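Please read through the structure below; I'll follow up with questions.
Here the chain labels run A, B, C, D and E in written order, and each chain numbers its own residues starting at 1.
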Amino acid sequence: MQRIGVFVCWCGSNIAGTVDVKAVAEALRSEPGVVFSTDYQYMCSQAGQEIIKEAIKEHKLTGVVVCSCSPRMHEATFRKTAQAAGLNPYMVEIANIREQCSWIHKDMETGTQKAIILGRAAVAKVNLNAPLIPGQTPVTKRALVIGGGIAGIQTALDIAEAGFPVDIVEKKPTIGGKMAQIDKTFPTLDCAACILTPKMVDVAQNENIRIFSYSEVQEVKGFVGNFNVKIKKKARFVKEDVCTGCGICTEKCPQKKVPNEFNLGMDNRRAVYIPFAQAVPKVATIDADYCTMLKTGKCGLCAKVCTAGAIDYTQKDEIIEEQYGAIVAATGFNPISLDKFDEYAYNQSKDVITSLEFERLTNAAGPTAGKLLRPSDGKHPHTIVFVQCVGSRCAACADKGKEYCSKICCMYTAKHAMLTRDKYPDTDVYVFYIDVRTPGKNFDEFYRRAVEEYGVHYIKGMVGKVSPQGDKLMVQASDLLANKQLHIEADLVVLAAAIEPDKSARSIATMLTASMDTNDFFTEAHPKLRPVESPTAGVFLSGTCQGPKDIPETVSQASAAAAKVIGLLAKDKLTSNPCVAHADELMCNGCSSCANVCPYGAISYIDKEFRMPNRTTAIRRVASVNPAVCQGCGACTVACPSGAMDLNGFESAQIIAEVDAICR
Amino acid sequence: MHNKNDNVRSEIIRRSGVNPVKCMRCGKCTATCPAFDTMEYHPHQFVYMVESGDIEPLMNSNSLYQCLTCFACVDRCPRGVEPAKLVEAVRLEVIRKQGANHMKPDSIPAMVEEDLPQQAIVSALRKYHK
Amino acid sequence: MKVAYFPGCTLKTKAKELDRYARKCAEILDVSLEEVEDWQCCGGVFTTSRDEVATKLSSVRALSAAKKNNNVLVTVCSACHNVIKQTNYAMQNDAEFAQRVNNYLGKGEEYDGTTEILHYLELLRDKVGYDNVAKKVINSLAGKKVAAYYGCLLLRPNSVMHTDDPENPTIMEDLIRALGAEPVIYSERNECCGGYITLENPEFSALRSHKVTESAYNSGADLIVTACPLCKYNLEKNGSPIPVVYFTELMAEAFGVKEDANA
Amino acid sequence: MQKITRENLINKAIELLDNGTVSRVLGWKIGEFAYDVTPAVFTTKEDLQKDFIFDDFCNANFSKYLIAETRKAEEKVLVFLKPCDTYSFNQLLTEHRFSREKVYAVGIPCEGMLDIGKIKALAGEGIIDVIPGEGSITVKNLYEEEKTLAYGDVLTERCLSCKSKKHVVYDELMGEEGDVIDSNRFDEVEKIEKMSADERFAFWQSQLSKCIRCNACRDICPACTCEKCVFDNPKSSVNNKAISDSFEEKMFHIIRAFHVAGRCTDCGECSRVCPQGIPLHLLNRKFIKDINSFYGDYQAGQEEGSRAPLINYTFDDLEPGEAVGRGV
Amino acid sequence: MSINSEYKPKIVAFCCNWCSYAGADLAGSNRLAYPENVKIIRVPCSCRVNPMFILRAFQRGADGVILCGCHPGDCHYTSGNYYTRRRMALLFSMLEYLGIEKERTRVEWVSAAEGAKFAATMNDFTQTVAALGENKRLEDLRCKR
């Protein structure tokens, strides 16, 4: 039986004005378990807290009920008070007799009666309270960043700068991501490589950062502060620590017909390659799908020319196991496939290209050395049509486009149009748009400059069909403001393809037990207040894996994620909220209902041996809640058919006791 | 303006099964329409004018009989609005009235050529005549 | 394989070749086309409005009749196919419409929407297989450059028809390839020929048809194939620079069953 | 179609015992009367030949028995499953209630089982034998009388509204595979839905007040496999075996139906075993019907590993307020 | 506004800690009155509410039970209220099937900013339940005083 003390607060006249506090204290004195009951003007004041402390000691109280303002206001205060007097803080319950009683009722009789019932419910609950002790877990002071694009790079640099070791896992042979493929950045028109590559070098030189390039995360176990991750380092058949990146092998390799993915297949590379000149790590990689030596055992030319002796045809995939305290997803994006949009003839003409391909065509390191030439015949295009929202804002059918706005297309198209007119003033440039969306610093000014200073023709309307005819592309479109149908003879059509999360994101989210939305973007713990955290503790989000965003936004989110990671790694131990779920193993069926509803992946299953009748034993599957991961929502407690799952601080029996007390 | 013709409007929406509010006004229907040049009101205008209840002009327009029912606007609309169905629903609103048939059976023989498949006659009659 | 077959009015009069060769080729491919008894005109064009019921009854009756033949109904005219398939879709997805239709039908005649409706091309691709079509070729059409003309009705609306990718279809090109000829891809192959507008506004349909034939011709085709009598009429009447034939004729030629002079 | 007989099953069981595939056989055993069949575990050929039975009264759904039986030994156990039993089998696998490797499941076709209650009502007491025939049965009683009853009149209620003759899981199938049936099983639920609130209350009051809380429905239910039932658990605050005037039994049956909602395979065992003849399956079917209409068709047990509707959601599910007052 | 008739229904309101309980606090801070018959029980999330609690309340003589949580999409725990929505839809439908007045149960989404909505909801719910009269169909007679 508990020994409960009841403390009724006047809150000046806030409560005492419509509640007879003395009568409440008196009435609650006769409730089961109550051994002491009093009232005071301001319980939250120093003097009020002293009354509680003294009563705890003097009456050997095991539980405390404070009838006062909302627990959202002073629950923490009174718990600290109790703790100071040697009582477990979770033995304190608040009856909210201000916000939910005195402030809404005018009549003393009514207010007093309700306050007594609310107090009674709190007493009934405390009778069933048990001391709770917050769990503590150590923190591994190392972070993992999945994805080595600008988001991953920025996050890793910021974490490393704070003094914590970071590993970047990148599935491609080099870090850099999409930004490395981009020519210039809006709205300042800096060269992307000029601002990105120094950062890539910083990453390479930072002692706190390790890069696992050409690698993939294979398995994630554990929880916040204690993740155990398996990373598969794919065989690149080149010893990373020996290769000097001189590139001689990539010049001598006789297999010249490999589509160059860095240039989106618009030119070819060799079977042994370094994706681009500023690659980090600057190490060659042999493409096993094309290498003659690996396929037939005949050739070996690269090994012969490599003076460093870095080529190793026998290399195998390697599994690295490492512990991390925090994981950042920075898995990035890709343009969608345009197979379902062939009214724009992307599959029918080489001169219909995506915006990312356009970036490569205008990049000095691209397939045309920066000259804007048509992929079909290498001629300079004189009329270029840009089409916006190809697959974005598309809600017609699920397997076609994306319902969301891809956010970046309006601005990069303005950039493309402007740069084209700047470099080739003899070119006519048309942009078909539904809306031009330019929220961002200096963004609208930039777009207006494209129109006003560079003479780009912006037409409100959409392209309906692109018909390749001879070496021309007949573009049929609407001009809604003029109420006309236009027919433009174009040389090049550039499609602003919607962007979507990288395909690897879903499997990574599954490994991390991080949730995703229907579009496969990672969901944040709170869309406004916790935008860089996943609901899964210890997992953070950086860049476009969370939603479409441009470079400045990506970088700021990347730094924000880093700040969160640093905050976590700076702790020696994690103290967790003790109001978490727990399973009674004797009652648990092991049915997985609880794990299925858990938004945090806090529940796992273990096989446990139980004693059965007649001195036999049986192994049963039972649920086990990781208190460091559980956030205490209670979804599992209702999903559990046997009632094995319960929630500390909000036990079923406690809630039923409150119900009974109220209905009495 | 939005209350005018409210009955006709809701009848057209019900009959066509089209929800014009889904339109984001990109104009792709009009961009893709092969009958653009013969139409006074274009597919996007049909959608917008039905949505805003401005249906009289559509009912009085010859555009109703120029739609080829080729469904290009239906297939290419990014929002699944299906403008062709609206054109049809407005047309029915007109030709279902007594004596309002756009094409009369007795006028057909003059139009028919020797090789014309009867498919064309039946289709036209279905479209223009009730 | 036994399937129900709906030829349609035009195939009995102006488009006899489409029908005749469809039957001949089916025989060679071991498909038995069982003509639906007492079929009536499909209506020529599908009225999209949900409250148009009476005009769709003949299609429903044809669908219902297919129950006797593996629940598969095959059409060869694009227009019939479009009308019947859209009607079937409405029967499956619009309960109110289906109920109204069934109220019209007699007791015991109710149709539940379970018939599979296939165009002859789909029958070849999905049931017979183009490999098997290729095996029956006697006169290879090698060297012939053939432009497939889809028009609208075979492909759209795609959410109902699901014949192929509506913007980049291959179902006819693959057949052309199977017959040994070389398909020509041209941009107007899925654009409208003008259709029934030809009755009221022949100038306009001439404009549309020109666009199509010109596009095919400029892409180097010697021949256009189609599955629709009205498309064929429009293209031919408006002076196609190259011949326009039904795809079944092309097949018959490759199978060696084409009668001379008639085509 | 080859009819499955007692001999077929015994031979199959002996074959599997002999070749070491299984060490035990879960089957039906003859009871005091012909119609009084009970589940039993057989371990020898002799026992099988002596006691194993297979007839029109082999109602019991064995799926639930596997939880306890598979824990007893490492070797496999043989189980015979009717189509409806296979759904329960799958559902229990989904919930990890026993190990698939420890069971050898043989699917057997089912043309419907008989309800001895109905037979007694038509043929009177004192039955000593029930002989199956073509489309009818012949009942013999103590007084050496014989009565012929039509099959359709004596089938159990659950068989009359059978949802499937298809086995959704098995290692081996005897006889021919059937199909999922377009059943009329929701008709009765609809009938109740169409009553006025007062009529519904009166209906259920009259039915549920018959409840004697014997727990037979719970004990037979293949979804009620909790290690410890909340109604037996003092910590749950709802444990209570006594019944009271108006609500206690409702609480029990509502909670029970809710606990199995989305997991109930509609096998109908609850109503079959109820000694008071309460149509308990109409509570479960109401949930199934609601789930189908609110969240799309879902059949528990159809597919192993499927996610039950109550542990799933979509962003645009209907609101609780929209779930009530629907055309009632 | 308060109910001045003699009969005062007992109302139990389960409120999630993050939205609805805060909404109730806001109603209090703004002095927006609602009947004293409403007693609030704080739960971390609406998904903590077991149908058993609701039945228990009725059994012990509550005349109406209302469950308040964050708006769908705003759940502090991201998905808790989606489960609530399904559970309660099925439970309420079942209660109706058993002939219990559907007006006695309600789910309402109330955000932390919707103090006025909270008060209005409670006023409306109390009036609705009061109009139904005492909860006879669900009450356990033994528990009556």
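Here, a residue touches a chain if its C-beta (ideal position, glycine included) is under 8 Å from a C-beta of that chain, and two chains touch if they have at least 3 such contacts.
All of these numbers come straight from a predicted model, not from anything done at the bench.
Trainee: What's the overlap between the neighbours of chain D and those of chain E?
Mentor: A
Trainee: Going by the contact rule set out at the top, which chains touch both chain C and chain D?
Mentor: Touching chain C as well as chain D, we find A.
Trainee: Which chain pair is joined by more contacting C-beta pairs, B-C or A-D?
Mentor: B-C
Trainee: Going by C-alpha centroids, which chain is farthest from chain B? Tell me that one.
Mentor: Farthest chain from chain B, going by C-alpha centroids: D.
Trainee: Using mean CA coordinates as chain centres, what's the chain A-chain B distance in Å?
Mentor: Taking the average C-alpha coordinate of chain A and of chain B, the gap between them is 47 Å.
Trainee: Could you work out how far the Cα centre of chain A sits from that of chain C, in whole Å?
Mentor: 50
Trainee: Which integer distance in Å separates the CA centroid of chain A from that of chain E?
Mentor: Roughly 35 Å, centre to centre.
Trainee: Spell out, as numbers or ranges, the residues of chain A touching 2 or more other chains.
Mentor: Residues 343, 397, 465, 597, 639, 652, 656.
Trainee: Could you list the positions in chain E whose residues touch two or more of the other chains?
Mentor: 51-52, 56, 79, 83, 87
Trainee: Would you give the residues of chain D that are in contact with at least 2 other chains, written as numbers and ranges?
Mentor: Residues 230, 236-238, 310-312, 315 of chain D touch two or more partner chains.
Trainee: Can you name every chain pair that touches?
Mentor: Taking the chains two at a time, the touching pairs are A-B, A-C, A-D, A-E, B-C, D-E.
Trainee: Once bound in the complex, which stretches of chain B touch chain A?
Mentor: 22, 24-33, 36-37, 42, 44-45, 72, 76-80
Trainee: Give the list of chain A residues in touch with chain E in this complex.
Mentor: 70-72, 96, 98-101, 103-106, 110-111, 113-114, 117-118, 121, 515, 523, 525-526, 535, 579, 597, 599, 631-635, 637-639, 647, 650, 652, 655-656, 658-660, 662-664
Trainee: Show me the residue ranges of chain E that touch chain D in the complex, using the header's touch definition.
Mentor: 51-52, 55-56, 58-59, 72-73, 79, 82-83, 85-102, 105-107, 137-142
Trainee: Going by the contact rule at the top, pick out the chain A residues touching chain B in the complex.
Mentor: It is residues 343, 389, 393-397, 401, 434, 460-465, 476-478, 480, 483, 485 of chain A that touch chain B.
Trainee: Name, in rising order, each residue of chain C that touches chain A in their complex.
Mentor: Touching chain A from chain C are residues 159, 165, 167-168, 185, 187-188, 191, 215, 218.
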